[in-house]
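There are structures below to look over.
You will see two complexes here that share chain A, one where it goes with chain B and one where it goes with chain C.
On to the complex of A and B.
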């Protein structure tokens, strides 16, 4: 009973986080006048297009009247006749009901301006790139981190510690640029960017291999930049747990070393490690903006980057909402997993 | 155990944590090891179970347990034949001795299940029996450590130490983290267990009053060495080593005007201990020979020995 209640409270507070984030974005865009300018630009653009589309020979007065009417209709449709905060409730409501609206400039491959369609099209690309890079980094991190923590001070431990520090310090987009320079431009082993060759191969298998070939450099750069962080986090958590008194007690009990490691070290270290993994995976959905941009990879990160530069308000709001939603869901999943893994978290 | 030495490797050089220690725990008796912090009490006890850290410089001597030489056994023999089966231990810092994510009952019977492959139901029966013996309700079997009070946790740990019916239990400051009334309950429990189970105990403490309550014999340690041993009564009434004398004088007494004395100076640096008797820089009766030659354990009568030149000369 207490469990269901505490999870419910968690769910409500996470939903509040989502609302607050939405509120902040919309308020910033509205308060700074960004939203008004954007909408005015759209109205002007569409009115001009309408004026051009009017048949030749219309009387100038009638023509001016029709254009003015059209402009008023548009202004009302976009809610420009009320101040920005007047548009706020309907906007938040639309986004919450997952109707993200139309993009201004971005398009899906089929030419649709529907933001849902655009995001759904980009999401798999990001998952393919960033999520697989994170999964690889996490696997390397857990494996090497645990190994290094087994014999602290060993050669492996020292080498991985140096590697982690270097990996931590190098930004992934910078690694990406170096990769492009050396492996793509100088050695010509890999393409410099994009997702497919032009034209893409027809055969599905060849097409898949073509994508992998294009993904190799960005995944490599991300893995190099991220695995160090996971190695170090894993090593620290496992090492701290291994120094707990109950681990010595387990050894004194005559338990074999593999049971001591499994039940007394890794089992106890699991919740914090899991936090890193889940939050990393949730973060991966938002894409790595700079890495995707460097490699011109058509994922969420590049979409975000372009939306900011083309002032595509709908996309910015929609993507930010999506990222927050994924994060909030991940947090909730974590809460549930924690209850399963750590008996102390049963409130 | 005789002539056991354990030196730790440090950046400054080897630390002589345990130096030529001789100690005997007779069957069914409790021996109290007392001394200041850092004098090697805990290090002595981990030698017996060979729970050594990685930074070992030297580990020599002989440890005879029930007719078997432990120093000749391999690590895996120690693990499978000695630890918990023959010698179990209640650790210092009881609050952290239990795994927070495993039910206490499972932790109690874990050695039975893993080492002896006892079936789950039988293990539970034996676990609950041990829990009853240590004054725990059977319901506690399914609880997690964080659901128990400090005193209950300590009872769990004692039940855990008894689960394999070992011959010797090492108690390393088993009550120092508990408040006084709980401490008294645990001490009474230990006394009962010693009587019922005919257990041998090695009781490590800096609290002389507690130790005298439980133990038949005393071993006083100073700077990695045993400086005095003997029957508890003898050592308390008639200490033969100046350090024991000073240690007893430093204990506050109820309803007495005697001001507790402190021992001037600090324990020596064990990387570079003083030559001869290690206590001589702090000793009120220091003589010429003390800083030149190390004394032997001189008998002072009735099984009492003191590591001091006041109690013997070069000829014994």
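On to the complex of A and C.
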């Protein structure tokens, strides 16, 4: 079947993209010497710790020998005795088999340094934040955008145009900052950041409400920043479709306006709108770095941000893999949905 | 085709958004030109990041105009230059100079700090004595400090001149000698149980400018009225002297936009951000549109292997999670303005290439191209005469649309601490404020204005792009 084959080709090419991105990241880490510097620092640190742990009475020669041996063992264990490209295949393989290893400084809540555990713990937090914000924004976008497109040039249309322009130009993270300043610091209605109160409430319901209370500002900020874009995209797509000839024909046939809108305009406008929504969803999973930083929301974005500045190589590689994976999967889902939504797409 | 251009301009100007956008843009450009004319180009390194320049400004205080909304009279920022002595005489082997300034202090709050700076101290043998005395409205006087001027090096020869290149600034609020003098004054003249450690904790100004509060304890109220600072310079030679001095009573308000926690005048930094934002926006978008447009035309017109390579590159770049990769790369290559611009271009051109390519594909198959080919027109002629004129307006519109994205991206990267440290931008001012806790301390003047400026700069180009839309897409033209 042609369809299955073309989807398979798409899947393979997206997998290739994933591999290439991973390759680029690992090569850059190695080529820039970042990886070597990092591993050397670890070796030095552990060797020093080992030297301090040696018993007092050890003879100086024996001591020096033991330290040197220890250092050699470590150097070999970290693969520093081979050039960076020698470590490359094993690193890529480990990432692909989701064996991400240990983090340097980051920890899970339980204190584990296992990168898988850390990322899996943070993933739902990010998804909670992003999914809620996107769903709300999309609903607002569809509702207002279609309304505005119905009567182009109306007051609603013009107001939404201006709102979209400002919303597009307003960085979400700055909206977040203003929210914190006004609603959290000045009025004290909301917390200034984090995900739970300290200590978190025991009761599940209270705990849920606590998270909701903490999520209100970041979700609000994201919604304000995103909805303008969705409104504008919806308006443009619907407006473009509404001026197609077949819509005029449908009207000329005397079909009621709401049927024209539902069956002729929205059905055709759906695929591009869906593209925007899914790509937005995939993109903002990684794009929430800023919002999470501002609100100190313990998601993947904040983890990534901290990893960059604490030189936590394993986390950087692992998260880049995750971000790319999410994006690539979203692209694939999109391909499948295209086929489902638009009978014209049959490759 | 001048008529087409004119028509397009008319169509553009007909929209209200375009007019607003153009007005904004002209304002941005005028401010940028002003800054470029009046600011040194190495402003970031020489001035903005140089703490000495800002030492005498109050730290982290709001704008002066907020006084209008405050019920309390906030202390103004007072800077007194003492260019020459009010008295100067030499008799019986003693040289005596008196510098003096009187000022009214009527605020409800104490000054943030006080500082004293002296220049051009010269002497023949021994360093002169320099004594600072503060006379208070209640008739009391505090001998704040005897300035300790070092002896000259043995290899130097008289007359010795100190502090001419490098004026000596004494931060009175942090000086142990001043603390001791003020503590002694508070115990003897104000009858308060005050220790030097108390002064160190709350600052000597609370007692220099205060009287015991009715609340008792160590609390003080502001003593309002006329203060006089006397600086006495005593030497033994006729030409032993101090050239000039400066006395600063730091206020709780400053300038048009307030200051940050280093005392930097935020108005100055924000102004410098205008040309930088415009530069980043315009250069990035021009390069992006240029690369995207050219590759799109090549990809569409040439086809074959070139097309495939370009399209696969587009595929990869399109599937990259942009922000994490940008942060990662910028962290690795180091943040400079050009690195930011280049990275934004490298990851920004793909969307335009896709669209231009599909436009070119349609045009290429048009009959008039086939006719030109049949008439013997070369590739170059076809591209420049037939293809570019058709895709150019679209590329131009995208160029404008890329500009706000570039401004916002730079702001975001700067906010994450990846901005070019030698060139202050709005994003960096925000980053500094956020990471130094301005947000949680409620220093709104440090947080809100840079954000508003980022939004205004971005909105300007969004509006112009919106105005361009009906030009590119005739369907969106309003029926008139």
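FYI, the second predicted complex is superposed on the first by the 345 of 347 C-alpha atoms of A that agree within 3 Å, B and C clash if a C-alpha of one lies under 4 Å from a C-alpha of the other, contacts with A are read in each partner's own complex, and residues count from 1 in each chain.
Here is the rule we go by: contacts are C-beta pairs under 8 Å (C-beta built on N, C-alpha and C of every residue); 3 or more make two chains touch, one makes a residue touch a chain.
Note that the structure is predicted; figures quoted are calculated from it, not measured.
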With the two complexes superposed on chain A, say which partner A:250 touches: chain B (first), chain C (second), both, or neither.
-> first
Can A:165 be said to touch chain B (first), chain C (second), both, or neither?
-> second
Once the structures are superposed on A, label A:145 by its partner contacts, choosing first (chain B), second (chain C), both or neither.
-> neither
Could you look at A:191 and tell me whether it touches chain B, chain C, both or neither (first, second, both, neither)?
-> neither
Chain B versus chain C, judged by how many residues of chain A each one touches | C
Which partner does A:21 reach: the first (chain B), the second (chain C), both, or neither?
-> second
With the two complexes superposed on chain A, say which partner A:298 touches: chain B (first), chain C (second), both, or neither.
-> neither
Overlap of the chain B and chain C interfaces on chain A comprises residues none
Where on chain A is chain B touching in the complex?
-> 244-246, 248-256, 259, 263-264, 267-268, 341-344
Please name which positions on chain C make contact with chain A in the complex.
-> 17, 315-316, 319-325, 327-329, 331-333, 404, 408, 411-412, 415-417, 430, 434, 439-440, 442, 444, 447-448, 451, 454-456, 458-459, 462-463, 466, 473, 475-476, 478
Which part of chain A faces chain C closely enough to touch in the complex?
-> 13-14, 17-18, 20-21, 25, 28-29, 32, 34, 152-153, 161-162, 165-166, 168-171, 173-174, 177-178, 180-181, 185-186, 192, 236, 239-240, 243, 282-283, 285-287, 289-290, 293-294, 304-305, 308-309, 316, 319-320, 323-324, 326-328, 331
Chain B residues within the chain A interface of the complex | 49, 51, 79-80, 82-85, 88-89, 91, 93, 96-102, 110-111, 114-115, 144, 146, 157, 160
